[in-house]
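A quick write-up on the structure given underneath.
Letters A, B, C and D mark the chains as written, and numbering starts fresh at 1 in each.
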Amino acid sequence: MKKVINDPNGVVSEMLEGMVLAYPEKLRQLEGTTVLVRKDAPVTGKVAIVSGGGSGHEPSHAGYVGRGMLDAAVAGEVFTSPTPDQVYEAIKAVDSGAGVLLIIKNYTGDVMNFEMAAEMAEAEGIKVAKVIVNDDVAVENSTYTTGRRGIAGTVFVHKIAGAKAEKGASLEEVEAVANKVITRVKSMGIALSPCTVPAVRKPGFEMADDEMEIGMGIHGEPGTERTKMKTSREIAELLVEKVLAELEFTNGEEAAVLINGLGATPLMELYIFNKDVAELLKQKGVKVYKTFIGEYMTSIEMAGLSLSILKLDEELINLLDMPVDVVGW
Amino acid sequence: MKKVINDPNGVVSEMLEGMVLAYPEKLRQLEGTTVLVRKDAPVTGKVAIVSGGGSGHEPSHAGYVGRGMLDAAVAGEVFTSPTPDQVYEAIKAVDSGAGVLLIIKNYTGDVMNFEMAAEMAEAEGIKVAKVIVNDDVAVENSTYTTGRRGIAGTVFVHKIAGAKAEKGASLEEVEAVANKVITRVKSMGIALSPCTVPAVRKPGFEMADDEMEIGMGIHGEPGTERTKMKTSREIAELLVEKVLAELEFTNGEEAAVLINGLGATPLMELYIFNKDVAELLKQKGVKVYKTFIGEYMTSIEMAGLSLSILKLDEELINLLDMPVDVVGW
Amino acid sequence: MNQEDFKKWIKQVNERIQEQKEYLSELDGAIGDGDHGVNMARGFQEVVNRIETFENPDIGALLQQVAMTLIGKVGGASGPLYGTAFLKAAGVLKGVTECTQSDLILALEEGLKGIKMRGKAEVGDKTMIDVWEPLLSKWKENPETSLKELKAFTAECMEGTRHLEAKKGRAAYLGKRSIGTLDPGSVSSYILFDTLFSNLEDVAS
Amino acid sequence: MNQEDFKKWIKQVNERIQEQKEYLSELDGAIGDGDHGVNMARGFQEVVNRIETFENPDIGALLQQVAMTLIGKVGGASGPLYGTAFLKAAGVLKGVTECTQSDLILALEEGLKGIKMRGKAEVGDKTMIDVWEPLLSKWKENPETSLKELKAFTAECMEGTRHLEAKKGRAAYLGKRSIGTLDPGSVSSYILFDTLFSNLEDVAS
């Protein structure tokens, strides 16, 4: 394990400190917690939005805290959901009386810890709503299992729900638009190399020089399938097909495309991959309204990428285009 | 070599195509060249700014093309300076009559190719000025040698000269402020792993699991020294000391700090590193006006980072804070 | 078992978790995200730090503190699950200072209910429930089963998770690829019960 | 040497550059950025593609085309340097259809001047100049030197760059660490001259 760190067990707190030191005009840390909130939280009259999860996905989630997006981000240990007390502190700190929306990625741990926090907050009389993001089409959907994971598409939920809340919508309205995004965003990823949780000191799995994982999550967990390394074009074909299979574009609906790097994959490769994706989408008659390329939801230093496609409508376009003042967008 | 690419010899053109497809409202490719220009170039009456260099430094340089920064970026092959004809095409395309400033990083190849292009453009009656960035303090300064390299500090030159030009300054004024930034910005980097030029298919050098390179350039070339892996704190001490040794902060002058990831190093580590840098700067009485953390000037998928410090004054603060409309800032 | 015996048990669980930390993480690395050992080790170390000074003879109060510490320190899926289990068990043993075997079985059954309520998983989903549920039914139905036999059965249940396809938790995303590896939560649950039975042996002798 | 001989020489240079592409890049990887072989191979391949159909017997015109192709295709430091060298040599041989040894030496000397003007390096800086300059002075001073001897001397000059500390070009940033590796540009220059001398042997025989 080679990382620019000090104590492998202290990465989360040092990272949060480093963020607040870098962006003191945007972020504030709740003392004694791993919660970063908007400098001006709670914002009077505004529905507050709280998200979070394990660390290791930077700039998610604290990178999306700020005007127009999240009010608080709760950071767990690396790849480990934060505990209910931390989430509860976040909720209390950002609620201005208008209620709090929790944006949760669909992992057993995240769901349970956030739910317990919501129960605690509700017991204190705070209005809490929850949405659960499950955009990863790599896994079959099934009510019998846990259902699908939440991966990079989550940032569209942050962006759009955040814009809606900023405009003064009610908790129900913000929750509704978040759920709308969730039904309309699908994602899938691949990985070329594993990553190393600092406290564990070695990679979660091994991978040969000519292999890749398809259907990668964002926690260093293996994907759904391992194959020989493919070209950008082949990967694009695979992901575009899987993602589009679940999204029907009719009447000239437009798409927002997110090409997300998992950590070690350079922008050069993401741009090349976008060329292939853009060409395929054009062939398939999907019109791209806006493309986002970069690191939005990472897996520490894993090499790989994910493709997310969000089917837009007028409301979503307006909210997507609203200005934000955050580090990571 | 494991990369999301198609043809190792075609990465530059596919990447540029992918960028233009992603940002059609910002960027335009000059046909038959590797030059990306502002969509609305040439901008009437405005001094134009052209930069560029080898590819592999994404988002540099095309990521800085747009209102408030560069008018054109010329992309060479990976880590190889672009040829004079390409630079010449860029100059011609963006000049509106007010003249063109070339921002060149101090590498023999870049300097020679850009100079030849300038000679060609001047022969056509275009006013051309050149500035040469040499911010890397890892190498001793000496008139006898090539002098110092230009690395990540270059993006401050782009930003500030770009803002000045956008405000309508003359070629002489834009050149002057660019040179002012150059004398006031110092940088130094370290690397934890080598990178692989796609056409070469294997890393430029090898590195053991417990080693790091100090004084790293941005072309996969070795650093000035190899040592045992250090902690974030130790690296921060080393770089802060070397960089500050060349910058005198007096009368409460403030600093802009850039913590630049070389490609594979995750934001988590950059944030941790910033904590150490910020603490050291505070100890040394240097006031940080603004911190930038992320990938600004990369070395394909190299792991490592660089620290740049720019000594500000009122003019530079105003220009640094001016809005830009580019992909990479 | 009195409060002291419970404390001793929890401390021994912690010791074994610390010993097996890397093994648990390795199992989780194969089919999950590789943090189960780290999570459990962090949580149980803190539990032991806190109960060190716990004087109240009320076993329920002790388990309540264990629960709150696990909930606040473990995180991930296992934190709320083990936390809820201890919380529910604590409810049963509130005010109890001397716990009989049937009290214990009752408390653990409540704990299992808590796990199922919180995680919505069932037997066969390749989770810790595949240890808890068959073990507790067997013990309840045959309270006379020897501790040795119970230990062997716990190991068997844990081993049984190897051939299952995960339906809940992170490993579920692997589908058939999750077959062939033990479920890490079942291994930590095995440690919990195996240590409990060793302790009961000590108490009995 | 006539235009055909020059074409043949350039083609042979290309063949050897293609063969040695990885070796040149490896040398550059050790003390530079690892692209010298790729740069040279890209440029000379294009040169050969273009001169294939070149009919004009004017050697100066041929070298002018070689120069422009190198300038437009190689990039990096070596592109402008080799490009300028051929451009200056072309100037000397403008209108020449049959080139004598002294014409050739004169043209190459102009080329060297071009390299030095463009790159501002001197002998001892660990660049291609450490092959060009000593070789051309020796040849000029002793025009009777045998081709075999010239070849040996070229190799010697190239070898001589190994113990030098680089002062110009990318390798200069390595300081003392650049000592111990051949300068890649000196190796490509060695190929250029070694192939030239082989060709002159052929022409002579």
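Simple rule for what comes next: contacts are C-beta pairs under 8 Å (C-beta built on N, C-alpha and C of every residue); 3 or more make two chains touch, one makes a residue touch a chain.
Note that the structure is predicted; figures quoted are calculated from it, not measured.
*Asks:* Going by average Cα coordinates, which chain is farthest removed from subunit A?
*Replies:* Centroid comparison gives D as the farthest chain from subunit A.
*Asks:* If you average the CA atoms of subunit A and of subunit C, how many Å lie between those two points?
*Replies:* It comes to 32 Å between the two C-alpha centres.
*Asks:* Distance between subunit B and subunit C based on Cα centroids, please, to the nearest Å.
*Replies:* Measuring from centre to centre gives 55 Å for this pair.
*Asks:* Determine the centre-to-centre distance between subunit C and subunit D, using the mean Cα coordinates as centres, and give it in whole Å.
*Replies:* Each chain reduced to its C-alpha mean, subunit C and subunit D end up 74 Å apart.
*Asks:* Have a look at which chains touch which and call the overall pattern line, ring, star, complete or other.
*Replies:* line
*Asks:* Could you run through all the chain pairs that touch each other?
*Replies:* According to the stated criterion, the contacting chain pairs are A-B, A-C, B-D.
*Asks:* Show which residues of subunit B lie in contact with subunit D when the two form their complex.
*Replies:* Residue positions touching the partner: 54, 76-85, 107-109, 112-113, 116, 136, 138-140, 144-146, 149, 197, 199-200, 203-205, 215, 217, 219-222, 224-225.
*Asks:* Any idea which subunit C residues touch subunit A in the complex?
*Replies:* 25, 29-35, 37-39, 42, 71-81, 118-119, 167-170, 172-175, 177
*Asks:* Which bits of subunit B are touching subunit A when the two form their complex?
*Replies:* Its residues touching subunit A are 2-6, 11, 14-19, 21-23, 55-56, 58-59, 63, 192-193, 209-210, 212, 229, 231-233, 235, 259, 263-276, 278-279, 291, 293, 295, 298, 300-301, 303, 305.
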